[in-house]
Each structure stands twice: as structure tokens, then as C-alpha cells.
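Just so it is clear, A, B, C, D and E label the chains in written order, and each chain counts residues from 1 on its own.
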Amino acid sequence: MTIPLPPAQGPFTGNDPSGPETGAYEEDERGLSLWRGAWRRLRRNPTAIVGALIVLAFVVVAIIAPWLTPYEPGSTQWSGEVSPTSVPGPSPDHLLGLDRFGSDLYTQMLFGARQSLVYGVVSTALGLSVGTLLGVLAGGLGGWVDTVIMRAVDIMLSIPSLLLAVSIAAVLGQNAYSIMIAIGVAQVPIFARLLRGSMLSQNKGDYVLAATALGIRRRRIIIGHVLPNSVGPTIVQATLNLATAIIEVAALSFLGLGESDPAVAEWGRMLVAAQDRFEAAPRLALLPGFAIAVTALGFTLLGEAMREALDPRTRR
Amino acid sequence: MATTAVLAGAALLLSSCAESERGNGGEEGTEGEAGGGTFVFAGAAEPELLDPAFASDGETFRVARQIFEGLVGTEPGTADPAPLLAKEWTVSEDGLTYDFTLETGVKFHDGTDFNAEAVCFNFDRWYNFPEGVQSDDFAYYYGKLFRGFAEGPKAGEGIYESCTTDGDDKVQIQLNSPFAGFVAALSLPALSMQSPTALQEYQDDAASNVNTTDYSTKHPTGTGPFKFESWERGNQVTLSRNDDYWGEVAKVDTVRVVAIEDAKARATAVQQGEVDGADLIGPADLQPLEDAGMQIMAREPFTVLYLGMNQKTKPLNDIKVRQAIAHAIDKEEVAAASLPEGSEIAINFMPQSVTGWTDDVTTYDYDPEKAKRLLQEAGADGTTLEFNYPTDVSRPYMPSPADTFNVLRSQLEAVGLKIKPVADVWSPDYLDKVTGSADHGLHLLGWTGDYNDSDNFVGVFFGTQTDEFGFDNKELFDKLAQARGIPTVEEQTPLYEEINQDVAEFVPAVPIAHPAPSLAFGPDVTGYQTSPVNDEVWSSVTVGD
Amino acid sequence: MTVTSEFLDSSAAPAGVHQGRGNLNGDGTLLSVRDLAVTFGVRGQREARAVDEVSFDIRPGEHIGLVGESGSGKSVTSLAIMGLLPDRGVKTSGEVRYDNENLLTWSSRRMSSLRGRDIAMVFQDPMTSLNPVVPIGTQVTEILRRHFELSKGDALARAGELLQKVGIPDPKRRLKEYPHQLSGGMRQRMLIAMALACEPRLLIADEPTTALDVTIQAQILELLKELVADTGAALLMITHDLGVVAGLCDKVNVMYSGRIVESATRRVLFGNPRHPYTGGLLESVPRLDSPRGAPLTPIPGSPTNVLPWTHGCAFAPRCRNAVDDCRRVTPALRPDGDRELRCHNPLSDDLPDDQRTDA
Amino acid sequence: MLRFVLRRLALLVPVLVGLSILLFAWVRALPGDPARALLGQRATPEGIARVNELYGFNEPVLQQYLLYVKALLNGDFGRSIQTGQPVLESFFEKFPATVELGMSALLLAIVVGVPLGYYAARHQGRFIDTAIVSGSLLGVVTPVFFLAILLKLVFAQWLGWLPTSFRQDARIDATHITNFYVLDGLMTQEWDAAWNAMVHLALPAIALGTIPLAIIVRITRASVAEVMHEDYVRTAESKGLSPAVISRRHILRNALLPVTTTIGLQAGLLFAGAVLTETVFAFNGVGQYLFSAISQRDYPVLQGYILFIALIYALINLAVDVGYGIIDPRVRVS
Amino acid sequence: MRDPVTAQSAEPVATPQDDDVLVSVRGLKVHFPIKGGAILARTTGHVYAVDGVDLEIRRGTTLGLVGESGCGKSTLGRAILRLSPVTEGSVWIDGVDVATLQGEELRRQRQNMQMVFQDPLASLNPRQSIETILTEPLRAHGIAFDARTKVRELLDKVGLPASAARKYPHEFSGGQRQRIGIARAIAMEPAFVIADEPVSALDVSIQAQVLNLLEELQDELGLTYLVIAHDLAVVRHVSDEVAVMYLGGIVEQAPSDDLYSEPLHPYTKALMSAVPVPDPVVEENRERILLTGDLPSPSNPPAGCRFHTRCPFRQETRCDTERPELRELRPGHRVACHWAEEIEAGTITPRAGAVTGGGGDEAGSLSFDQRG
């Protein structure tokens, strides 16, 4: 929330006795680092709380899925009860009914969370680590390394990311790894460019000049000064990318490039499989669709809140 | 099957309705006896080109059947040959000489007369195809049926000898070795009659890519009830009524063929009235469409769906395991769960109407206990089998592969096998894997017959050693080669029956069903005549009320 | 309405400028601020009183200074007078009397027709105070066209004259240019030209030279002085720089933490500061004219080390003169001889008697 | 400005060359044989060998690449393996569809998004703002394909208001000159054809436009909220200008600068969304064709199309930067 | 990167052996290339940020460098510390020509030369605690120390409590941050410290604290300062000697008192007359020399005397053609003006209209008196 105040003359600096500065001389407590400050702001932000609750629920469900259902995921043992025109709805045995393959929809939904979490986290972690590495190399070393890396990044960015992911998935074949790699690789240029950009802008900061003036080694400046101050946006982006990754996994599944087993609980695949049972059982499509959206919403809210918390402009 | 009969009856009923409702006129109110209007039909893909001589795909043939006619057609609703441009024909004793008497007064759309000379022009054109188009991706059917060309790598292997005219309406085709399916084969659109004038003017058989010649894209010229109007690539093919048609003139003014890849989308398009009819409706969509007042038709099945087994892999090389798998499958359930109504349960690898079909074969009844026992005997219980199936495809014999796979999987797992699903995109990944490599275990595949010929089924499947099945059974291969060479259908029959029995014993695959491809039409469409071999000409169709 | 052209023709008598444009308040003041208080409230946080108990008068043609450090509330005061504080989260009380009416009660529509015409403002940062994507000509003409019914051409011609007046060479060309094509000094001249375009009765200048270099600052101050004298407008000068007010203002109000702590004519104030804060400021700033080596006496602590006024004197934590009362009793602004003072223990009065006008 | 454009175009060259190499390698790394895709279920080994020979796929890759580049320089992008149609020709047949779809989506996003974002910013913290912000968040996180399915279900299947597939009703006899169907309809004065094309655009455009819409709402809101507190807005207020002038000239004109950049970025990203949207709505455009080319291993089409898309993507970004220079005088001089 | 056009003073300067002089700058130039070109980036011009500067600072004294923004004073400061690339010239600090040092040698040398920055918040890494900030340079130079004592001692020196060690920069007020910046600069006990606008970002009431602190530390540690500022009063207050900079060059340099009592360069005169003094009496009676126009662009400096475009004393000859050398007019008082003597003697007077005030605004005073 932006507070409408005349710039540079905020009235709070003068009159708020609880301001952080008054105590600076007296109390011997541990200082409030930027990370802790951001964490504090995050905890007070309702957006962050909603986001975190969604994410938490999602993660918990993903982890304890096996204990929430008596059935095995992907078990098609009730396939006999399903026909092209009828899919049994909710019943005491099957809280959400069966899906078109005769699996328990409730179980599939739970394990879908697990799939999405694994796909999202692994692919984002891949994109993040490779992208960060490239970004640090480009932003830190500069010169021809920077040029080469950034040209490569430009090339990758010249193809829309979903298309890139589709292409990579097509090369690697239909399996879980190829999806994770495809989506991870498609994220690499985003992180590389982001980190490099923020490192370059941090490089211009006075404190970097100060560190140089102090005779601190270049490598140490990059790792100890520039990088820690540059990772904020990257962390935010990673959180937001988790949302994108979960959606893109579903999109790849939707395009038929996903996990190959039709009974595997993957929300995107469930959605595409449900399409031709739409009249008979709309819930088969609606539930996974909403699950994707809500999960993505959770990560997005959290990311936005983190962005706000880490933004130096919102610091008091 | 009872349902089939009912549906076939319905189709007939529809066509008779058409008679009575004729003349009520479409929205455009064109003059003449025809009903007028536009008939929009959705296939699953767009045609590859419009010269059927170079085509082998159903979508090209669908359009070609409206524009072109062959010497021979089919009896309505069956796969049996019937006179078309040829009024009658005779075959010599040795099966090498065929005499055709032609319809007279027939003209191609460009005004060229259809006569004996035109017939010979077509036969000679096929025979003299340059080497560039002799490959499977172009003159597939001619190459397969006549086995060779005038020149090129297969020069001299051809069975075509000559074509001679006798006046305008008599033509004699001479073969150099007998071919029992010759007349039936002439009903294939690939062998339909095309205008010599147009071909000479617009077609270049020696072009580096015959798909894009003027003839193949803009000037296909035949004798059929519809004339080519335009082809907007990726969009639609438009045909208009041939008012000078030699037979009964078509009822609608215009016909448009559009492509909707997704089965679900085709069904929706029919329901929304965006198209008047659509082919290959998925089993799941049939009931909703019917409920919405749409008409559903099923072709008499001329297909076969089977569960293939790769004998290159263990333990599928063990016949006991293959038998066990055959016993483990409840074909009725598979059909109920994943195939359209009207599908028949299969015991042979060919539909009942094809020569050589017999019920005197080993049938592996659904018997999970026996299956378990057999597996135990083979020491294969609990083995993990790779099961390949395609995604994102609907074929006439396999409208919903994922569903079919799913039922089969639970049945196989029920007898103690473990299934490892491997799904691939149909083309080329799946085909590559299943028919082009040994890297597969169980798989789903099938066939749609092109015309009434036994070799077109079993011969294709089991005639040689293939990557698909991975077995080498010389006896079987020889029998099939021998059967193919027999000049008359009557003589072929017992041999094919024997072959079917042998195959059933050997279990290289489990025939599951003969799925009935379903079509759907809007409530105001009448007169659509289904054909098991897709020989559906839309001259009797009317739209609107 | 006809446009008065006296501003453009400096030979005309300044007295005639504001004829027919509102009256003075009953007490002869142009603008009278009484007990102005501004409170900022943000959801989830305690309300913060940025300005409190602020009162001062501005008479026609008078130059009033408002001096204080950042956070002292001087800018908030000016924005409150202009009605430019946001509606939400801000509570304003007290009175800003103009034309015998309280501006604080005016509707925003009425205020907007007053702004720019009767009361105009020049802001601190000329770099950010001009719209970067609108040509200079438009930015000058829009105020003219808003307040006078002028055609586009007339407004443009007049804008050209205005630019000339504030010393911008080649005004025709400049009018087509954008702010970034001007130097800082030029931009401030632009802002002054805009502020004086409608010949307001009061000009509020909020740190108009802080962002400028010292030679440019001198130019701008000179220009302001000149133009304000020409148009006969009153001037409210807001600054942290005591030097600026010393040469410019008739009367100076020193603010600390939202309240006026000392108020006097400039000679009195600079000659004999009595509030420890005023005195401290003067002693802590190096002066060009003082002998070198004269030690600086800094004010300890920082402007953020303050007490809330409700608990005593806000300056007490930094004050050398602080007595016990300062931390307990809130001092009031009381007349103290030739000035008004808010202090329990002011600095000694060490001026010779002849310069004093004791009450 | 011209220098800037030239420089940017020059910088594009290495990217495109790099991309063409990458594409060439990648396309050939795709498993599966294009010949198989062409010949289908009945392919024989001889047939496959013959097709591969025909298209030169059994030459060394480097040689293939050189031949490809040589042809490219002659303006020959090759022919589709599947249809035999020249790549360039098919691209220009399908491109109008995608452009039409993308433009409608973008237009929708701008026309609805900017006012909504502005309105929200001006009513910050109120209920309506919260509603708009929440709505835009939902818009961002709802997968395109899910939204497309939902729209199809509700508006086409349940309500029956709008068509589900194609660009135009097949029953309409429309003349197609430019392949922009709406434009064609207007040009030929076939009003019903134009209207029909627009009706067909409705659902795909909404599905495709929702994410850009949501993003534009958010950017506009943030940007307006920031600009509202700029010094020059305060200056404008101190000049007594009317709220309308302040909004239009001083707030919006500045606030729209970042929005422009966003619009440009989104325009580029629409290609990705178009693959999904066109698939769901059987909308015969570049996206759908490209996707089928991937599954069919249609090398020439893949190479050509992706190069084109990258080029267009880059040109859009360049256009945005140039446009930015036109509306932001600060950029103009440098 | 040496600019061939301006490389006339490239002859080696003898190592200054005067032990009294700690810092000696000779012919220092810093030219930044301007990149342009339609397709390939090439240099289309230069910004002559620092264009031939000679300076000497004696041990334990303070040199004040004053000038308006854009005159190159900060660049000069940074170039001396090798934080900006040096185009040409030498910088001898404590007997070492740092302008020629590279890599590790240069890094080592930094122990001896330090900097205090203008913006105390921006120059402190926001993610480091004060303790880390203060000890990091010691570690970097491998200086053994006891962290607790050292930090406590440094904080004590700059007047901050020991409890500050574990806090972070944003938790302090501006003045306190600047104290931290100073503590960091003296942590390695350098001989030479450059303070670049050390107080201009601070509130007026705080400035004196920091200025006093700098003086105390100089006395205590024998530091040598180069204080860069735009505020003449501040510079005068802290400096033993003052150099006035205009558009990349020094125009006048003299002991502090001399400069302020008798400015010789027209620019210095104008600058000093422009500074407002918080004393109404002084203000009312001052003569003010007003300069016209703005600072010319350093990428295209005027020919001849760089100040001639704005100089109220400008003469017909020499000013626009010949660049004046810095010459010693009096002992220790150097000025770069062709006409300095004549101006001082009063034979050259400023242009009409350039001087205002003097005698005060009588009308204003009058009305004030009436009202009072």
C-alpha cells in the first residue's frame, strides 16, 4: 500500500516515538537486518498471509496425500463403473466421485498437488540455479562472458517461453523429467537476465564503490556485496515462477506432452482427459482447473507480497 | 449385432425420408428439383492433395469420392463391388483379362468426354508414373495393388499389361498375373477416373512435389456429382453441384469439407450447428449428441482393433503368456468402456464380411483364472510389461485409445501382470516406436479396410516379419503369399479361413473388436448413406427443412 | 475576464494588479493561518500529527519565511494551505482564512479555481516538478487557459512573454521543447513563470533553490525577489537555509517538529535568537563571514530524537538549555517581547536595550 | 531515431543467425522420423528411405544447414514435408488469423484494462479497487486453456450464444482477400461475413486476452498510483487545473509509458497463448499449425515458423521501443 | 586510455621528494568516452570531466575542493583514489604513483587512502551489520585484529555506542550513518582520506557534528584530508587550503583565509557573493555578482578560458582564445585568470547589471519598519 505523503518529508520521521531510530543508542539488541525486516513486513501483510496459507495447504496436502486417502493414486480398479457416458459422482466411498478412467477423483486431486509441487519446485529450482549461475557469471565477470551469455539469453528469449518448453519437451519425449527440464530451461533466461540486470544496477551503487575504495577483492565484492543485494528480485521471481511453472506443466500436459500415463494424477492431464466428459461430469475438468488456478494464486500472492516486503521503497 | 442392424435400418430410413422431403428447398431456394443449400461436413484432418492417385489418406478420399468416380463402386451399405462408370464387366478364366462396358454420355467436369480412351489414359498414366512419385508417400495404392511400374526400381514386377479400347464404350484391361481383388480394388478412389484434358493441362507427374501442382490443388476434374470449387488451405474445401451429372443430380448446391482435429470439438461443432455432419465421433459424445437431438449413425464395422504383442520381448515370446493375455481380456467390457455402440467383438483379424472370416477359430474366452494359471505355468506372473498406446488421436478403429488402454490395463493387472504405460504422440512417435522399432511390448493398433480384400487385413499384418510383432513364422508367411496369388475369391476362401485359424492358434495379437466408426448429423440432415469402406457420396444428402 | 497585463508591463503600478480579485481579511491580512493542525492516519498505525498549533499572518506584499529542517512540518503546512493534501488518511483542522473565508472548508472544485490564480506555488525540485512528457508551452499555457479565457494562440503568445520575463532566452523555441532539454536553473525559472502566470496574490515557494547550485540559487532568488516585487504578490518562503530567509523575508517563523517555536522579524530573530533551537541552528552552520577557526557548536542528536509535544518540549532531548519542565510541561507559543516564543528556558537576551522593544 | 532502429536491426542479425543454428540442431534432435510422420501406419522401410533421400535428411547435418541457409538467402524457406506447401506461403496464409486473434485479444486487454487499472488506482484502498485487483489476480493465474474450456462450456455449449470453433461459419460464402476475415468482410462489404468472423473471434479473444488484460490492469494501476504522487502532478494541482486535465495530460500520459512497454511484451507473448487458444477453438492460425508441425516433425515448417516468430517478436519489441521514444520525449534525444 | 589530442603535458614529473607533501597530483586528466554510432559502438566524443589538474596536499592538512555540480570535483576525487579511470597524469600518495598501479598492488595501496561518501546510506551495504562493515576491510587486507575491541574502539572514536555494532545501516539516522562511514574509512588507519560532500546529505543541525568529528579525527590521527564540497562555508570551515574548480580545471587555489578575504578569480568572487549568509545586516548590504547562464557542457568545453562565457569581467582579447595557466600571484595563492591583476586593481570592472544589491533593499526595510 502506498502511503500518500509528500516526498522526503514524511511526517512520521519526526513524531513517531516508536520509530526504530530512537532506540538506537539505548537497547543492546540484535539489529534488524533487511531480511528480518522484510520478514517482519511480510508477516504483517494480509496478502502474504493468504498466499502463504494457500501455499502451505498445497504443500501439506502434497506431502501427506497418502494419509488423506485410503486409495492408491492412479488405481483404475473401478474402471468397470465408468462408461463413456456416465461417470459416477460423489459417494461415501468416493468423496468426489470417480474420474473417467475409474480412479478415485479425490485421491487423484490430492496426488495432483504432489505432482504439481514436484514439477514446479524441481523445474523452478533448475531454472533458478542455472539462470543464477549464468547471471552471476555475466553480471560479475562482464566482458565477453557477459556478451556471450546475454546473446544466448537473447536467443532463448526470442522464442516465447511456452513454445520453448513445448519444443524442449518434444525433444526429450513424454516423461516427467522432460517436462521438468523443459520448463526449467525455459526459465533460465528469465533468471539470468534478471540477476544480471540487478547486479549491474547494484554495481553502480555507492557501496560497491566504497568496497572497491576499501580494497576489497573483486570476487568478494561480487559475492559478498553485489549478489546478496541482487537476489531479492530473483527470489520474488522464483516464487512467481512457481506459479507459472505449475500452469505451464498443466499446459504441456494439455498439449499432450506431459506425463504419459493417463491415470497419473496430474491436474493438467486430468483437465484434458475430462474434456470429453464435460457434459457427463463437469467436475472432472472444473476441479483440477480451479486447483491449478488457486495454487498459482497462492504463489503469486506470496511473490507479490515478498516483492513488496523486499522493495526498499516500502521500507520505513 | 442387433444394434448394427437397427442403425443400418435407420440409415436406410433416412435416405427414404430424403426422397419424400426432397424439393422443400434450402435457404437459397435454388431452382430445379434439388433441395439446395450447403452441406458442411467435418473430418478429422484436411486432405493432403486433391489428386487421389497420389493419396492414401481417408480425408483426401472423402473429398475425392465427391468429385471422382471409378469404374467400379460399391453396393450401398456394403463393401461389395458394384457397377459405376462401368456398367458391367467380365473376367477371363485365367483371371488375366477384364472387359468393361462403360456408361455412355458421361462427361468430365471440364466437358471432356468420358470414354474408353479416357480409361486407358488413366491406366497408362498410373503405369507410367515417374520414379519420383512411385514411393509410398504418393502412388501408394497403385504401387501396392499393381506391384510395379513401367520404369524404376520395380520395373517389370508390375501385373498390369495393357489397356485396349474397343469403341467408345468398351475397354479391355490385360494383367500379366492373376489378381483376385482387381475389381474390388477398382472401387478405391486412388484408381478413379480423371479427366485426361485437365491432367494434361494442369498435372505434372514429374513435379518435385505433386502435392502442390495446379491439378492437385486447384483443378481436380472428375465425373462425380460435385465439382471442385476452391480449397482454402487449412480451412475448407468447397465443392459445388455438378448439374450435368450423368446420374441423379445432387440435392445440395454446395458442399464444404472442413477439418476439426479434436474429436470432442467435432461433436461440439455438430451440436452447435456449426457443421451439418462430422465423422469419427468419440464414444463419449454419442449419448450427449443424441440427447441434444442430433442424429447418430454408425458405419457397419470394416475395421479391426487388436492388442499387439512383440515377440522380440520376453515373456511375450512365450505362447502361454500370449494365451494368458488373450484370456485376461474381457472384450465386451473394453467395447462398452471405450468403443462406440455398434462395435462388434472380434475373433478374427478381419470383419465378418471379408472373405475368409470364420467362426471356427480358437476363441480365448474371458477367463481370468485360466489366465493366471497360464501365467504361472509360464513363470510370468507379476512380470512388468510395457504397454504402448498413442495419445491425441482418434482412428476409426480406435476412437479413444487412452480409455481402451485404461480398461485393458485394469484387466491385465487383475490377472497379476504389472503394466508400465508408455504413451506417445500418434505420428510419428508412436508409429515409429511400434512399427519401426523393437522397442515396445504390448501395443494398441488396428486397421480400417480399404476395400473388400482379405489380404488387405491379414496379409498386411502377418505377411512378413515385422518390427511390430517381432516373430518369424515362415509357414504363415508362405500361406499368405500363396493366398494372394490365387486368381479367384472362391478359391481363396478356404485358404484364408485356414490362415485365420492358424493365426488364432499362434496368438501374435489379440483381436479385440471391430469398432463401428460413428458419424453425427444435425437434425435437419437427411439422406446420408453410410458405407463400411467410407464410400459415401453425398448426392442424396439434403439439409434444412 | 480580461487579462491584466501589468505583470508584463513592469512600469504599471503594482497597486493596481489585484483590483477586483477578492478582498483582504477583516484584519487586513491577505492570508491568516490559525491553529492549523494536520494529522496523518495510516491503517494499522497510530495517527501522526505532522503540524499542530501553527498560526501566522501574511499581509499583502509581505515576505514571510517558514524555516525548519526536514520533518519539521513546513511543507505540510504549505500543502494544507493549498488544499493539496490527500483526502484520505489526512485530517486538517484549524483555519486558513482568505478573503474572509476558511479555505479548509472549501470544496475541492472551489479550491482548484483559487489555486494557481490567487495562490500559486513553486516547488523544491525543478527536475521532478515539471511533467516530462508534456511540452513546456502546454504546461505554461494550460494554467493561463484554465484561469483566463484565452485562445490557444493568445495563451501561447503570453507564455512566450512570461518566459522572456523569467529570463529564458529564445522563448519561442523553448515553448516547443520538453523539460529535460532545460537545465535545472531554467526549469526553476519555468516553474516560477508558471506560478506567476496569473499574477497570484500569494506565492508559496517551497525550498525553491535547494536543488540548485549556489550561483544559480543567487540568480533564482534575485529573480523571485524582482518578480514578486513587480507583481506585488506576497511571498511565503519555505526553506531550511537560514541564509536565504535572512536576505529575503520580513518575518520568519522557525518550526520544529510540527510547531512554530519562534517567530519574529528577521532582524530580531537573527540578531538575537532566543529559542535554543534557533540559536543552535545559527551556531552550528558554518558561516562565510565568520572568522575562520570559530568553532561550530552542533545541536546534539538528530531531528528524529524528539519528544512528542504532548509530553513536554519536543526539542528537549537535544536542548542544551533544557530544564525539568521541558520534559514535563508542553510549552505554549507566547508573545515574548518583540517575538513569539515557545520555550520554558530561552536563551539569554543579550542585545543592547536600544534595539529592543519591550512589551 | 533512425540510427537507433538501424542499430537494433543490426543487433538482431546475430540473434537470428544463432537462432537458426540452434533451431536446425534442435529440430534434428527431435526423436521420430518426419518420413514416418508423412507415410503413416503403412510406411515401409523403403518408403522411409526414399522420403529421407528426397528431403536430403540423410546428408551430413552441416551440409543440410548450409543448403538451408543458402536457400534462405534466396528467400526459400523450404516446403512443408506434410503438405508440400511452401513454408512462406502457408505462414502468410495462417499468420493473418493469428494476428487477427492476437490483435483482438490485445485490443480487448487495452480497452478494458487501462480504464479499469486507472479507476482502481484512483480509488485505491476502496472496495472497488480491491475487487479489480483481486479480479486481475485471478486473471493472471487462470490457465489460458482452462479459461478457454470454461468459456466454451458456458457460452457455447450451455448458453449457445457463441460458436466454438473456426474463424467463420463454413456456410457463409465469404470472399477472402487478405485472410484477415473481419477486414475482408468489411472490404467486400459482406457485412454478415465480417460480423460472423467477429463473433467467431469473441471467445478465443477473451480467452487469449485475459492474461494481458489482467497484467495491463495491474501495471496501469501501479503506474497511475505512482505517477499520482509525482511532483509534477502536484504542480499541476497547484496550478488549479481541472481534474480531467490533470488525469489526462499529467497522470495518464506519464502512467501509460510503462503500460506501453507491457503491451509490447504481451503482444510478443500472445504467440505462446495462441498455441493453446487456437488448439481449443480449432482456430486455424500459426499457433495450431506450429504445434502440429512439432508433433509431425515437419522440419522446414518448424524452422521457418519459429524464425518468423522470433523476428516478429523482435520487431514488436523494436516497435515498442520506437513508440516509447515517440511518446516519451526524454528517450527521443538519446 | 590516453587521449592523443590533449597529451601535451605527458612528460614525466619528478617524484616529489618533499616529505611535507603527502599527496601530489600532476596533470591529471579524466576523459570519458561518449559512445555513439549507428551500428557499431564507437567513440564519438569525450566528456572532459577533469582536464589537467595539479594539486598538492601537505601532511596533516586539509585541502578543500569547491565547485558547482558538474565541475568534475567528484570525478577528480575518485580519480585520485583510482575509483575512476585515469586518462593521463600522475597521482603520488605517500611516495607511490597510484595512477600507474594495477591489480593487487593497487588494492594493497588502498589501505593508505580512503574515502567518505556523500550519501551515507547508499555507501553502506544495507545487508551488512555495522560490525561486518567495519571489519571487512581489515580482513581484506589481512590485518590482524580483535573484532570486539577494534569495533568498539572505532565506534567510540566516531561517537557511537558499542551497541551499534550489531545493527544495520538503515536503523540509524543520517548523521549516525555518516559516522559509520567515517569509522569505516579510518579503520585501516590511512594517511589520506577524501571526503566527498560529507555533509551535504545531512540536516543542517547535524552537519556541524560531522564536521567537528572530522576535525577531531584529524587532530587525533594526523589525517590528511581532501574535502570536496559545493558549500563554500563548509569548505572554508574545514580547510587549510582551498581549491576552486570550474569545468574540469582548478581556477584558483589559496590558503583558506586568503581565498576568502581576497578572491582573485572572477568565478570565485561570484561564487562567494552568491552564498547567502544568515544575517540580515550582511545580506542587505552585500554586493552580489550574478552570473548569467548555466555551466557549459563538459563534453564541449568553451575554448580559451572555460569561464569566459559567463564571466562578468570578460575582456575582448585572450579570454576566448587562450587557456589561462594556474599561476602564483602571491605566495601560495594561485589563480588561472589572464586579468587577475587588473581585476584586483579595479582597472577592470564587471559588466553593468552583473552586480546587484549593496545598500540593501531599502524599500523592503522601510515597509517592514512601518509594519513592525
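Methods note: a residue touches a chain if its C-beta (ideal position, glycine included) is under 8 Å from a C-beta of that chain, and two chains touch if they have at least 3 such contacts.
Bear in mind the structure is a predicted one, so any value in this text is a computation, not a measurement.
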item: Joint neighbours of subunit E and subunit D, given as chain labels; value: A, C
item: Joint neighbours of subunit B and subunit A, given as chain labels; value: D
item: Gap in Å, rounded to a whole number, between the CA centres of subunit C and subunit B; value: 92
item: Computed distance of Cα centres, subunit D from subunit B, in Å; value: 39
item: Inter-centroid spacing, subunit E versus subunit C (mean Cα positions, whole Å); value: 32
item: Rounded Å distance, subunit C centre to subunit D centre (Cα mean); value: 54
item: Interface hub residues of subunit D, defined as touching at least two other chains; value: 31, 125, 157, 231, 234, 279, 295
item: Touching two or more other chains - residue numbers and ranges from subunit E; value: 173, 176
item: Residues of subunit A engaged with two or more neighbouring chains; value: 1, 4-6, 21, 173, 256, 275, 278-279
item: Partner subunit C, residues of subunit D touching it in the complex; value: 125, 230-232, 234-243, 245, 249-250, 253-254, 257, 327-330, 333
item: Subunit A residues touching subunit E - in the complex, by the definition given at the top; value: 20-21, 24-35, 37, 205-207, 209-217, 220, 224-225, 228-229, 312, 315
item: Subunit C residues within the subunit D interface of the complex; value: 82, 84, 88, 111-117, 120-121, 123, 125, 128-135, 138, 142-143, 146-147, 178, 180-181, 191, 194-195
item: Touching residues (chain side subunit B, partner subunit A) in the complex; value: 263-264, 267, 282-288, 333, 336-338, 391-392, 400, 402-403, 405-407, 409-410, 421-425, 429
item: Touching residues on subunit E, where the partner in the complex is subunit C; value: 68-69, 173-176, 203-209, 211-212, 230-234, 236-237, 256-257, 260, 270-284, 286, 288, 290-292, 294-295, 356, 361, 363-364, 367-368, 371-372
